Amino acid sequence: MSGWRGVITSVILLAMLAGVTATMQIRASSDAEDGGSGAEALPDGSSVIHEKPSAVSSNTLVQPETFPVTVRKPSGPPRVATNLKDIHGEAVTVACSTCHSTRSPNLQNKTPHSLDEFHSGMKFTHGTVSCLSCHNAADYDSLQLADGHRVEFTDVMTLCGQCHGPQMKDYEHGVHGGLNGYWDLSRGPQQKNNCVDCHNPHTPQFPKMQPTFKPKDRFLEQSRSEH
Amino acid sequence: MPANARKKRNVAALKHAVRSYPGFLWWGLGQATNGGLGFYVWMTVLTAIALVGANAWAHQVAQGMIVTNMTDHVSWGLYIANFTFGVGLAAGGVMMVIPAYLYDDEEMHKVVIIGEAVAIAAIVMCTLSVLVDLGRPDRFWHLLPVIGRINWPVSMLTWDVIVLNGYLVINLHIVGYLLYMRYLGRKPNPKWYVPFVFLSIIWAISIHTVTAFLYCGLGGRPFWNTALLAPRFLASAFVSGPAFIILVMRILRITTGFAAPPKPARTLIQIIRVAMTINLVMLASELFTLFYTGGAHGESAKYLFFGSHGHYGLVPWIWTAIACNLIGTGLFFMPDALERSNTRIAACILCIVGIWIEKGMGLIIPGFIPSTLHEIVEYTPSLTEWKVTAGIWAFGFLLLTVLLKLITTVFAAEAHKTEIA
Amino acid sequence: MTTDNASPQEPHDGEHLKPLLPILDQHSTRRTLLKTAGAALGLAAFGEALSPLMVIPENVSVDEFLQQHYKELTDEDKKKVFARLEAETKERFGANVTITDAKPIPGVRFAYAINVSKCNGNGKCMEACNKENNHHRGVDQSYIRVLEMTKGSMDMEHGSTTYDHTVPQDDKFYLPVQCQQCDNPPCVSACPIEATWKEDDGIVVVDYNWCIGCRYCEAACPYHARRFNWELPEIPAEEVNPNQGYLSNRIRPQGAMEKCHFCLHRTREGRAPACQEACPTGARVFGDLNDPDSAINYVLKNKRVFVLKEELGTKPSFFYFFD
C-alpha cells in the first residue's frame, strides 16, 4: 500500500521537476538564439554589410546609390534692424556693411559691454572670444577663421568647428544636432540642422523651454501635488 | 476470482455507471434545490448579488476597463487580489486531505470531501476572477490549447491556467466519484480515487506555488521578487483553507445537523497553529530584509506599512491584516480553540480576513506602488470592481451551498441506510 | 491491491438502493413547479443583467472574433483583415487610412540612444508620439515618459514625471523612458498567448487583435513601457494619422495592450522615428546596430553609455549616454 503511494508521489514530483527544467532549457536556448543573431552571423551565412546596397554612415555626404544629407544653411549675412519703418510700414533692415564699411573697427572693443552706439545691451555669453574673433573686420558681411581666412556666413559651421571639435565630430557621425528624414540613406535623403539653428552664436547655450505636452494620466492629480 | 471474470465485472460496473451518472446529477440537482425557507432566502440573496455582479461586469466589458480604478501604474487590482486569495483557499481546502490519507486518519475522510467542495468553489471563483480581469474576454479562446496559441512552457500564466483547470477536474472527479458511489450504496473503490487524491495534494501545492511564481518571477517588481513568496503562500493557504472549512462545518452543523466527529477539527486547528506560526515567522523575516536593508526593495513595503511621499492608502489595510492575523493566531493557541467554541470561530474569521487582505491589498497592490519608474499612483477599487467581486463571491457561495447540500443529503441517506441495517 | 475485493462484491446496484434515499422532491408537484418558475426567472434575470453586452456584436464582427494570430495570417488573409480594419476606422473615426505591414529589413537590428547631457525634458517627443501613433487624445497618451531626475543620483526614486516649469532646471537632468526593446524581454516571456513577440530587427510588437488584455506583460515590464487601452481611444477625424501599420500605429481596439514599436511603419521604410525628428535638442540617436558605421555604433564606441536597470538582465536595445 504505502509502497505504491510513495512511487506515485515521487513520479509526480519528478514530472514536475522535469517540467521546470524544460522551461529553463527553453529559455536558455532562446537566449542563445538571441545572442546568435548579431551582426556577424546571419542564418544564410552572408554578412549584413554586403547585403545592403551601400554601407551607409550618416557622415558620408555623397556616395553612389545613396541619397544626400542636406545640411540647412543660414540664408546669408544677417540684416540688422534699424527701428525705422519704410513707407509701407515695413521695418527697415540694413546689411552689416552698410555701417561698418564707413567705420573703422575699434580693436579695443572685445565684448558688447563696451559698445555704446550700436549693439549696446546685446547679451554675450560666448566665453572669452571677442567680436573680431569671428566677425571679419575686412568685410563685415562675412566671417573669418582663426587663421584670418574669410568664410561666408552660410559656411558658419567651418568657423564653429575650429573650437568645437568634439561636437563637430559628433555632428559628423549623426549624434549631434538631430535630423529629419531617413536614417537609411539608401532609401531616402536626410536633412540636418546647422550650428546656428539651435545655438545663437552670441548666447550659444540652448535656450530654456516650457514643456507644452504632459500626459494626463487618470488619477495623476493625486500625485501631481506631491514630489 | 479469475482475473477474467473480475475484468468483466468491472466493465459491467463501468457501463452501469456511465448510464446512470447523468441520472445521479439530475437527482442531485433536485436535492440541492430543496430546502426550507431559510435556504431559499439564502439562495435568493446570493443569486441577487451574483446578478448585480454580472451586470457590473457586462458594463465593464461594454465600456472598457476604464470603469475600474486600475491604471497603467496599478494594472492589477481587486480582481487579481481576489484570485490570489481564492487559489490559497482552493489549495488549503485540499491540504487537509494530507493527514486523512497520508496517516490513514479515517475520521478525516468526512471532512475531506468538504474540503474538496470548498476547493471546487474556490477554483471556479478564481477562474471567474481572471475572466473579469481580461480586457478582451471575447478572445478567451486564444488561451485554449490547439486552437489558441499558448506560450507554454515559458509563460507562468499558461502554467497557472493549466494547473487550475487540472485541479478543478481532479476535484470534480473525486467529489463526484465518492458521492456517486455512496449514492449507489457501494464502497468507493480506492483505485478510482486514491491516486487522484494524491494527485490533488501535489496539485494543490503546485497551484499555489505556480501562482506565487506568477508574481515572484517578475524581476521588475522588487516587492514580489522574493524566494519566500511561494512558501508564504503555502503557509497561509494551510491557514485560510482549514479555517474556512471549520467555519463551513460549523454552519452545516447549525443548519443541517450534519456533524463531523470532533477530532478532525482538532487536527485542523493543529495544522493552523503550525502553519500560521510559520507564516508569521516568514513575514517577520521578509520584513527584516525589506526594512533593515532598505533601498529600492523596501520602497513598496515602506509605502505599504507607513506610507511614503504623503500617500497612505494601504496603511490601514495592512495594519488591520496584521492585527487580525496576530489576534487570530493568539486565539488559535487558546485551549478553547480545540473545543467547539466561539473562540475557534472568531479565530477562523480573523485569520481569513487577515490573509485575504495580506494576499490582496497587501501583496498585489503594493507590488505596483511605486511603479517601475518610481511614480506613486494609488489605487482603491471602484464600485464596479466591488460589485463584480461580490458577485463572484456570491456565485462561489452558491456553488458551495449546492455542493454541500448534495454531500449532506448523500451522507444523510447513507446514515439512514446504516441505521436500517 | 488488497482493497479491490471489498467493493464490487455488493450484489445490489442503484435500483435497489434508490428507495432508501430520502428523495424529497417527489412528494409535491407544486414545489417542482415553483422551482421551475424560479429557475426560469433566474435565467431571465441573468439575461437582463448581461444585456449591456449586447453592444458587442456591433463592435466585434464575426471576422474579428475568428481572426487568427498575425503569424498565421497569409498575405491573402492580411489583405482582408487590413481592408476590414480600414473600413472600421472609416466607420468609427471618420478617417480614410491605409494599413500596411512593413516587414523587418533583413540584417538590420535597431537601437536607440539618448544623450542625457542634451535632453532638457521639453517633452516634444511625447507630443510627436501622441500624434504619430494615433494615441488617445483624451489622456494625451504617449509611449514616452520623461523623468526629471535630481543631479547626483541615478535613483528614479528622486525622479518626477509631473514637473511643470521651465526646463532644464539647474539641479536636474532628464531621462526619457520608453520601451527598451529588450533582447531578453520579460513581457514576451510573460504573455500567455504569444500576443507579443520580438521581431528580427529587435522590435517587440503586439498583435492588438490577438491580445486578451490580461496585463501580465504590463506587470512584467520593468520600464513602465506598456500601455493598456482602458477604453476606446478618441481621436478627431482630422487628426488621425492615415499612414498606419498593423503592428504599430493603427488605432488600437479597446481592451488591448500596446507599446512603443520604434515607429516601425516609418523606420522599416528607412525613415527616422517620429520622436527623433521632433526632438529639438538633438538628444536622440537612432540606427542600425549591425552597421558598424552607424550613428548608434559611434555612440556605443565613443561615449559613456549605460542602460536602465541593467541588473535585471533584460538586455535593452535602448541606451543612454553622456557627452
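Letters A, B and C mark the chains as written, and numbering starts fresh at 1 in each.
Operating definition for what follows: a contact is a pair of C-beta atoms (placed from the backbone, for glycine too) under 8 Å apart; a residue touches a chain by one contact, two chains touch by 3 or more.
This structure is a prediction, so every number in the text was calculated from the model and none was measured.
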> Between chain pairs A-C and A-B, which one is joined by a greater number of C-beta pairs in contact?
Replying inline: A-C
> What chain is most central when centres are computed from CA atoms?
Replying inline: C
>> Distance between chain A and chain C based on Cα centroids, please, to the nearest Å.
In response: 30
>> I'd like to verify one number: the distance from the centre of chain A to the centre of chain B, where each centre is the average of its C-alpha atoms, in whole angstrom.
In response: 58
> At which residue positions does chain A touch at least two other chains?
Replying inline: 27, 217-218, 220, 223, 227
> Which positions in chain B touch two or more other chains at once?
Replying inline: 71-73, 154, 375
> Which chain C residues reach two or more other chains?
Replying inline: 145, 160-161, 189, 230
> Once bound in the complex, which stretches of chain A touch chain C?
Replying inline: 1, 27, 31, 34, 37-39, 42, 48-49, 51-52, 55-58, 60, 166, 170, 173-184, 186-188, 193, 198, 206, 208-218, 220, 223-224, 227
>> Which stretch or stretches of chain A touch chain B in the complex?
In response: 5, 8-9, 12-13, 16, 19, 22-23, 26-27, 30, 217-220, 222-223, 226-227
> Any idea which chain C residues touch chain B in the complex?
Replying inline: 1, 3-8, 10, 12-14, 16-17, 20-25, 31, 35, 42, 45-46, 48-53, 55-56, 60, 65, 69, 72, 145, 147, 155-157, 159-161, 177, 186, 189-195, 210-216, 218-224, 226-232, 253-257, 309, 312-314
> For the complex, which residues does chain B have touching chain A?
Replying inline: 69, 71-73, 153-154, 194-195, 198-199, 202, 206, 309-311, 375-378
> What part of chain C is in contact with chain A in the complex they form?
Replying inline: 2, 105-109, 113, 115, 118, 120-124, 126-127, 130, 138-142, 145, 160-168, 183-184, 189, 198, 200, 230, 267, 269-272, 276-277, 279-295, 298-299, 302-303, 315, 323
